[in-house]
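Written out below as structure tokens is the structure these notes cover.
By letter and in written order, the chains are A, B and C; residue numbering begins at 1 in each of them.
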Amino acid sequence: MTSAPSTAPQPAEPLLALEGINTFYGPVQVHFDLSLKVGRGHIVCLLGGNASGKSTTMKIILGLVKPASGSVHFAGQPITGLPTPQIVRRGVGSVPEARRLFGEMSVRENLLMGAFTRKDQRAVAQDLDRVLGLFPKLAERLTQRAGTLSGGEQQMVAMARALMGRPSMICMDEPTMGLSPLWVDRVLDLIATINREGVTVFMVEQNASLALEIAHHAYVLQTGRIVLDGPAATLRTDPRIRDAYLGGQDAG
Amino acid sequence: MSANTSFLEVRGLTRRFGGLTAVNNVDLDLAEGEFLSIIGPNGAGKTTLFNLMTGHDDPDGGTVTFMGRDITRLSPERLAALGIARTFQHGRVFANLSVMDNVLVGAHVRFKAVRPAWPFPLNLLGPVAEVALALIRPPSVVAEEQRMREEALKILSRFGDRLLPRLDNPTYSLSYANRRRVEIGRALALGPKLLLLDEPTAGMNQTETAEMQALIGDLKKSGLTILLIEHKLDMVMQLSDRVVVMDNGTVIANGKPAEVRNDPAVIEAYLGHRRADRPEASVPEAAQ
Amino acid sequence: MSSWIDYTINGIIIGNIYALLAVGLALIFGVSRLINFAHGSVYVVGAYAGFVAVTQLGTPLPLTIVIVVAVGALLGLGIERFGLRPLQGYAHIAPLLATIGLSFVLDQLVQLTFSPDPRALPSELLERRFQVGSGTIGALDILIAAVGIGSAALLYYFLRFTRLGWAIRATAQDRDAAQQMGVDVNAVNRAVFAIASALGAVSGLLVGMYYNYIDPAMSFQATLKGVVAQVVGGVGNVPGAIAGSMLLGIVESYGIALFGTSYRNLFAFILLVLVLVLRPNGLFASRRQTPPEPMTGTFIAPSKPIQISYPVLIGIAVVMALLPLVLPNPYVLQTLTNAWLYGLLGLSLTLIAGTVGLISLGHAALLAIGGYASALLSLDLGMPVGASILLAGVIAAAIGTILVFPSFRLRGHYFSIATLAIGEIVSLVILNWESVTRGPIGVAGIPPLSIFGFELDTDRSIYWFALAVLVILAALQFRLLGSHLGRTLRAMRDDDIAARSYGIGLDRYKALAFSVGSFAAGVSGGITSHLYSYINHETFNSQLSILALTIVILGGMGNVTGAILGSVLLVGLPEVFRVAAEYRVLIYGLVLLLLVRFRPQGLLGTI
């Protein structure tokens, strides 16, 4: 294990806090009084099966979906209901589900789009070098159209793009979805690396076993409710995780 | 139909989107009266498979045979005429139509009096005849409409008093669970030989799910052949005769619910694999 | 063959002008998924801004261009503000309808300010020509080419190398992802409308100088040409729009060379319909696309329709029938007769656009087919007038349905554009098919209305005749909607994917509804031709199509009573208040704009 983190409890002053969120899509309620916290410098993952409301949680944080009630605080400030660009400007980076690269633009242009909110062109150039150091594969592909890359390479571009904004926190929505096992490992290693550089990571993940290896803390979401949460190290061996996904024999 | 031919037979079905193979060489068999569920994590290709089987998308390869007849690439309307009914992932009712009208549209293919089956070239005048019959309404047409309405009431009474008091309400005004019920009612009105259910309880709470599960259980008991895509595995395990598990576009397991449930490949597909087998320190050369 | 060089050069020059329009439309579609029907108005405003600058202020050309760019950009911001931004989250067709309303308003304002008469836009460049091989090229040709190529180069640089350019491309490719990079997509929209409109305005100026001729009616044709070029090149594709424009310019130029000027637009619209039906992603798209997320392109706002019981409706009809006895005022009767005839058109469109959800923008063509059919049958074949009107309805149903049938597979916007083009094609065929239609001269001396040999020569008898036809057809439509066909058609509109899964063959039922609807429109056109006694290819123009749509939306889509009410209000009220003709179109535009924004379900509600 390269990155088994400490089992430190969640710090009192979280970077991100969701409080009493209720969300609806039309008449369907997606979240039921959802609350969670992400400690500064931590990797926190939100686990859950299909249609549990994971991705919607991500959209709430990024301001793409507005909750019916409840609040989102980032770095102590309320960000509930702010438009997405403003939330991004406050230091929230995003690695969207299915990567969502700008397929017709080059890898380089994609990376620089990540720094769209920044005006300091020299620092951006330095960061580009730094990020390419982190993802050496991408350096060879800078001029290629992003849409022509393989899934794993696209995931790297998406993560590098998010880093280019110098966020204090990155939201990752299913970063390992649709990747081959080799790439899954690589991507998770990179997430741990990014985190060691001081970036807080909040990730939504279906691949529970691997996510728990790199995370500090985890929440398990089931049909819009947190049914389990705790330090990743203890959850790793908790049989209730499996039940949450596969439906336990005795699960109520 | 000979005994060794299956009711529904899928062979080598494949669909690619750009570089991604969403459904990869899938085989599937379904016997008459069987209840088969397809499960798998997000992006496994279940819905694409469903779309291929219901005529909403064309495969890049493979065949689908229904009751001994090749139905690959047939349009949805032809499949409906053959007795295949489906529901949709997010519940697609006709929002501005009343509950009754939704169910009657489900019976569309069974209306014969308003659509005389004329041979070519007379059938080109079919639409004209249909308009004329709709305007004139001879006794046969009136009787048929009456019969279908009575049948629709019978179907709707399966849902207790959930829908009966709301027959004339437009479905956009119904609760989500009720709309999903209307959708099932509409499917039953087709008089299906094969019923395809795409996540019938998605977005429902536990009580509603239990109620829907009981209803689907009744349908199963009535001998209907059912193919179910569902995420609520409790329900799948209890209802299914057999479960097929998909991951990355392929079938990774196929068997009785209990077998599938403890299949390590299935557990891995859902929970992800552990990497105890991997050597340490493979963090990319980088980053210091 | 020097003339061929001239035709080629001419084609490329015209192509450049179209490109300035089409690139703007493509940019706008890219970031907002809107086909901006007010783009032609920007072009006209640009031309008139140039006219004012040159003739009133005496500005030199470079300054004129700067003024035109500024006016165009400001206008673009206004269109974004009123046509697009308030309608975020509405049905996809809503902003399109709003821009149609805006274009009516803008065109009419130009017309009211400068009169509908054409003006000259003088330019000293016009006379200068240079010898090139065996042909000649004018200084203005060179200017247009330079502006076209220069704008393309500037745009390329802007999109490739500037922050805002990147934001535009990113937004066009993935709006959500762009927002997650911190891009303010509303600011991007504004920028794109400003740029696109500046280009469109310059295009108007150049055309005005090229032909030394401007008039407010150029607007609609300009929009259409821009849309054609864009669709041919692939909607939203900027390089494709340029290529499509060049292709369109050259096809038109050669078409004129081979067949004469009056065929120019015919080629453009046939090209459009062919591309839409055969290659809906444009000539340059090759990939097999992922099937698009099912989206019904309809404009149906869930609402509780106001129920009016049959006895009440019958009562109103009786009162209307008795009206001429109580109030024998010829002016009122003529106005209401007119309203009944538009009501027939409304019945037709409310069935097609409302009940089935096929937003037709070329509905006046059905009036034209019916009008010509009845006129020619009675005049040339000596058919009795009543029978000719009935047969005109059948002919309109048959021809209309056959023409539109290939477009039934198109969704949302694309169907609307196809019907718009088909409407233009019908009008151009009427203009050019002289042996049958008498071409530009029109059909004169059409026999007056009569039934069973009794001539209807009083205002009263004509009123009763029109009312009777309307009541009969409305009653039939009620009966149709109450049958299994009513729910079948509405099911298709609400969700065509689900409808197909329950055995509803879309083509069959769309054709069926379109025929029934076209019959009413054809009858209306037929009656109108006998009332007017003279018709030509412009009698049933495209403004009528938009008026029909406004009537239908005002009454409530799919609502039979609503269509008649809408017609009485929109056709009758301006008469009652004696609104001058030139303000009426302005009112129609405003009504459309306000309806889309504030009451999409109409007065009586969608059914």
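One rule holds in what follows: a residue touches a chain if its C-beta (ideal position, glycine included) is under 8 Å from a C-beta of that chain, and two chains touch if they have at least 3 such contacts.
Every value quoted in this text rests on a predicted model; they were computed, and no experiment measured them.
More C-beta contacts across A-C or across A-B?
Counting C-beta pairs in contact for A-C and A-B gives the edge to A-B.
Quick check on this structure: which chain has its C-alpha centroid closest to the centroid of all protein C-alpha atoms?
Chain nearest the overall C-alpha centroid, as shown: C.
Would you mind pulling out the distance in Å between where the CA atoms of chain B average out and where those of chain C do?
It comes to 41 Å between the two C-alpha centres.
How many angstrom lie between the CA centroids of chain A and chain C, rounded to a whole number?
Going by mean C-alpha positions, chain A sits 47 Å from chain C.
Need the CA-centroid distance for the pair chain A / chain B, whole Å please.
Distance between chain centres, rounded to whole Å: 33 Å.
Quick one: which bits of chain C touch chain B in the complex? Just the residue numbers, please.
Touching chain B: residues 287, 290-291, 300, 302, 476, 479-480, 483-485, 487-488, 490-491, 493-495, 497-506, 508-509, 511-512, 515-516, 606-607 of chain C.
For a test of understanding, state which residues of chain A touch chain C in their complex under the given definition.
62, 64, 83-85, 88-89, 94, 96, 100-105, 109, 112-114, 116-117, 161, 165
List the residues on chain A that touch chain B in their complex, please.
By the definition above, chain A touches chain B via 1-3, 25-28, 30, 49-51, 133-136, 150-151, 174, 176-178, 181, 184-186, 189-190, 192-193, 196-197, 206-211, 213, 223, 241-242, 245-247, 251.
Please give the residue numbers of chain B that touch chain A in the complex, ascending.
Against chain A, the touching part of chain B is residues 19-20, 41-43, 175-176, 199, 202-203, 205, 231-237, 248, 261, 266-267, 270-275, 278, 280-287.
Help me check something: in the complex, which residues belonging to chain C touch chain A?
Residue positions touching the partner: 163, 166-167, 169-170, 173-174, 176-185.
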